[in-house]
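Handing you this structure, nothing more for now.
Labels run A, B, C and D following the written order; every chain starts at residue 1.
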Amino acid sequence: MRIAPDKVMGLEEAVSRFVPDGAHLALGGFTCNRNPMAAVYEIIRRRRKNLHIYAHSNGQGVDELVGAGCVARIEIAYAGTGRFAPTCIRFRKAIEEGRIAFEDYSNYQMTLRFLAGAMGVPFLPTRSGLGTDILARWGFSEEVRAADPRLPKKKLVVCENPFGDWAETDRVVLVPAIRPDVTLLHVQKAAPDGTCRIAGLAFADMEQARAAHHVVVTCEELVGPEALRDEPERNQIPGVVVDAVVPVPYGAYPTACYRYYDYDPVFLNDYRTAATDERRWAEYLERWVYAMPDHAARIAAVKERLSAIQADPRTGYATGLKR
Amino acid sequence: MEYTRRELMTLAAARKIRDGEIVFCGTGISMLAAMAAKHIYAPNSVIIFETGAVDSRLEEIPLAVGDPRVMYGASSCTGLADAFALMQNPTTGCHVVGILGAAQIDRYGNLNSTAIGEYLRPKVRFSGSGGACDVASFVDRTILFMQHERRKFVNRVDYLTSPGWLDGKDGRRRAGLPGVGPEAVITDLAVMAFDPESREMFLEAWYPGGSPQEVLAHMEFAVDVSRARELEPPSARELKILREVVDPQRLILG
Amino acid sequence: MRIAPDKVMGLEEAVSRFVPDGAHLALGGFTCNRNPMAAVYEIIRRRRKNLHIYAHSNGQGVDELVGAGCVARIEIAYAGTGRFAPTCIRFRKAIEEGRIAFEDYSNYQMTLRFLAGAMGVPFLPTRSGLGTDILARWGFSEEVRAADPRLPKKKLVVCENPFGDWAETDRVVLVPAIRPDVTLLHVQKAAPDGTCRIAGLAFADMEQARAAHHVVVTCEELVGPEALRDEPERNQIPGVVVDAVVPVPYGAYPTACYRYYDYDPVFLNDYRTAATDERRWAEYLERWVYAMPDHAARIAAVKERLSAIQADPRTGYATGLKR
Amino acid sequence: MEYTRRELMTLAAARKIRDGEIVFCGTGISMLAAMAAKHIYAPNSVIIFETGAVDSRLEEIPLAVGDPRVMYGASSCTGLADAFALMQNPTTGCHVVGILGAAQIDRYGNLNSTAIGEYLRPKVRFSGSGGACDVASFVDRTILFMQHERRKFVNRVDYLTSPGWLDGKDGRRRAGLPGVGPEAVITDLAVMAFDPESREMFLEAWYPGGSPQEVLAHMEFAVDVSRARELEPPSARELKILREVVDPQRLILG
């Protein structure tokens, strides 16, 4: 959080200030939609290490960070991008080869963990997971937890209902709060003070932003200071919780940004091919990330594809897109 | 009329959806089944996604539950917190039918979509629960999609991601779970159901051209086949709507 | 909740079907804003008795229901309408004269109780109220609670943090879920299937609607079945949770309805005068509620005042209104 | 320059608000103080309401926190759940100053806005907590408004609605409450503060024309007056902005 009328800065500055090595990081968006990809690529270009990632169903962003070796630990519910990669490929390899530590939750559990952080409470209750290995199996041992003040002492706790059988519930699972150092979001519109207006589904962006100590927002359009104040009920994120506002057109590419552009099926299919093979993967990173001075250069390199993914004003996506 | 097994799977699941139900959709074939149900048998069913879209119109088939196509024409589009609350809340949750898939299933309909082998150093890692554990925990009944392979119908799942009937009988109630539980497993060979007492899987119907023996040969555990019949093949109308309205590009039908 | 494409009905039918004597009732809106007044007056006209009310900061609606003798019990955080009545007058009299049972909570506690109901969990945690009489003093005794399955066994429970000192929290207050029989809301726009679009602050309407078994929505404008589906992110309430949609212009009058009309300071000041005296109060009820066949008649009786409270399109309220 | 006590009260509270703070507003004079602070001393302060409005512009003075005027020009307008979460969350909450009023106060700044007499059958019933208990529980510091009357500054509040320093010293921490606690009480006679060790109320300043003796005569309990001084009267600029910009209709100033 930061209170200032103008938080506009470049992506280099925002990543340099708010995403150091070892940062605990949450990513907005969902699978192949509104991932903060420009910020992800900037993090990879800066060769950040030892990141601790909190994710619900993050697809593309998580996979590229893991694949580039930026991630030491991840708490996650789902790593996939739908049909393009039912399981994220670099994520899968990293786990099968023992290169990252990880712990599994469900999507609702992760959402509630962000919500608990946003609410400033240590936990929230749910019935999700009773009887499952999500409860029984921990990714981080009791010893690792005891040694690290950034990890809760327990993964999940089952609690008998202290109100008897109120709400016909015998017991609930308590999920511990997450308080990321920084949450990265990509939104359609933002004002200089950080006020954000998200079109379409907000996923868990609201909870992820409010849970974090710092929030970096990339946006398709930077609007004037007053432009979003005429209908404040349409703004999901108030300016006060945001630290940096970075205008980045196509900042979610190759994932979708509702009402602006669709995911790029050509790129995502090429990505799958690249991710499957070590040599091709190294080439991908070199060509598409390290060699690019910034996101604008990356977008310029695919500019012939952009017309195909422009959003139809009626549907908000690229109607009839060859997928 | 010719049809593929994938088409029959889709229709076998869609036939189980009742009008006026809320249908929770995952990615892939479960999306097809929900759309087919709405277009063929259950016009007043309401399709919801864990991403927060309620009563989506789905003019084009989404390739993921985060696909912008799930937002089209919805009654509301909020986020995950709201969508899962709707399913955990018994007032709405007990009208929800969840459609889920997985990598492994056991005789009680418990699902694994996390890992094969040791959890911490698996032979094969999958995507993880996503919303599957949540839906399987909350909603009134679930319909499960599986490929019918011996390595997938196992005595014990390597990791129990999403609760089915747990250890059978009143296992769900003992664990503190609401909802009725898994109702059917739709595979590329058969429709399986669960005994109302023991909660053990049994064969409800095999696909035309197949046999109970073929089904059993593709499972690590044996199931009761005494109640089984041959499934009705797809009607011309079912196939027409599926092919022309639901997935004309054959993005999921293949 | 109800799944049907057309839930439009008259207010008489909606109240008759969903608000029987003894119903557990939650009211939307806040103090002098967007109270479901048309529904409240219909309930009074039908002389409903023994209602159990759940309210956060409900002002006008609660006061008139209590004053008309419809209410047996109330769980509440705040009864006031701002400057017009810092404490609701009929509410105050009813408590001082021992005519209703009541129990006090804070606004956040009540909000969380509705949210817990909406989430289908028996309780939610907060730090609010530690060390206070809101925790220590119960309005309904343990005996009353034990005898009534509609009341949780305990008012509030203090719980030590099972995650150690996670989130720097030693202990939290657990607040029990509320599941009203019916929630009454007044919104700006609704579609026949129950989809609602609220302009401006939503208060706790979203949580109150989702917590209830049934929801009756009155609306300023009934729109076409497709009219709200172009921008679904602006609809706070999905059709599935709503049971009845009742078009009632000026349905929140004399409280405000953002972007449609302001509160009526003349009426609210007259109301205060009436509420203060038993004879005048009986006259008020007779003249303004019982004698009116419906809300339209009531609005027709004040029609010369309506021009003064019309909302300014720029501000959403009656700019410069003499208050 | 002439001024009313209500004007001085408003300004005495407004002077305590720092630039860059988030100001939680209740109804009435606390709204005036927040607006005066923003217009006079703290242009980058952010005014929030429990109803969910964040960074309201307040072109006209609201008569209640549910008044549609709180929505004008805000950065976001959601609802209560979100507003209280912002205050309970330590990241934002520790930048919030809450301005509250009450019917009774004790030496530790504990507030009663519920009832005088027996709780279940009170002599006088008030509105109840509203958001006051929440704000007093969560936020970093609070500024309290009181009428300075003997029956209001009492040895023991009849009902403890909103926590101050509880029983003094580290009482808040022992109870499990975050935040710093009450910082000042602004009355129609004086500004009171709290001792950093004992957390007992003491006299910080009396109003021009008054005296410490006058203050003590209006309280049931005695307080230390040894640190007291006379308060600076309002400046012409303060009064001009208060009268011409903040409340030109004198809706709250009277």
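Note that contacts are C-beta pairs under 8 Å (C-beta built on N, C-alpha and C of every residue); 3 or more make two chains touch, one makes a residue touch a chain.
Quick caveat, the model's predicted, so the values are computed rather than measured.
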item: Touching chain sets, computed without subunit C; value: one piece
item: Fewest hops from subunit A to subunit D - one hop per pair of touching chains; value: 1
item: Whole-Å gap between the CA centroids of subunit C and subunit D; value: 27
item: Mean-CA-position distance for subunit C and subunit A (Å); value: 37
item: CA centroid of subunit B to CA centroid of subunit D, Å; value: 56
item: Touching two or more other chains - residues of subunit D; value: 53, 71, 77-78, 88, 90, 138, 178
item: Where subunit C touches two or more other chains at once, by residue number; value: 117, 119-121, 126-127, 169, 172, 179, 200-202, 232-233
item: Overall pattern in which the protein chains touch one another (line/ring/star/complete/other); value: other
item: Chain pairs that touch, as defined at the top of this document; value: A-B, A-C, A-D, B-C, C-D
item: Interfacial residue positions of subunit D with respect to subunit A in the complex; value: 20-22, 44-46, 53-55, 57, 71, 73-78, 82, 85-86, 88-93, 95, 138, 178
item: Residue numbers on subunit C that touch subunit B, as the complex places them; value: 1, 3-5, 117-121, 179, 191, 193-195, 210-213, 226, 228-229, 232-233, 235-241
item: Subunit A contact footprint on subunit B (complex, rising order); value: 27-28, 50-53, 59-60, 62-72, 77-81, 84, 88, 90, 114-115, 119-134, 137-138, 159-163, 166, 171-172, 175-178, 249, 251-252
item: In the complex, subunit C residues that touch subunit A; value: 116-117, 119-127, 152-154, 157, 159, 161-164, 166-167, 169, 172, 174, 176-177, 179, 198-202, 231-234
item: Footprint of subunit D on subunit C - complex, ascending; value: 29-33, 56-57, 59, 76-84, 86-88, 91-92, 95-96, 98, 104-109, 111-112, 115, 126-134, 136-137, 139, 168-172, 200-207, 256, 258, 262-263, 311, 315-317, 319-320, 323
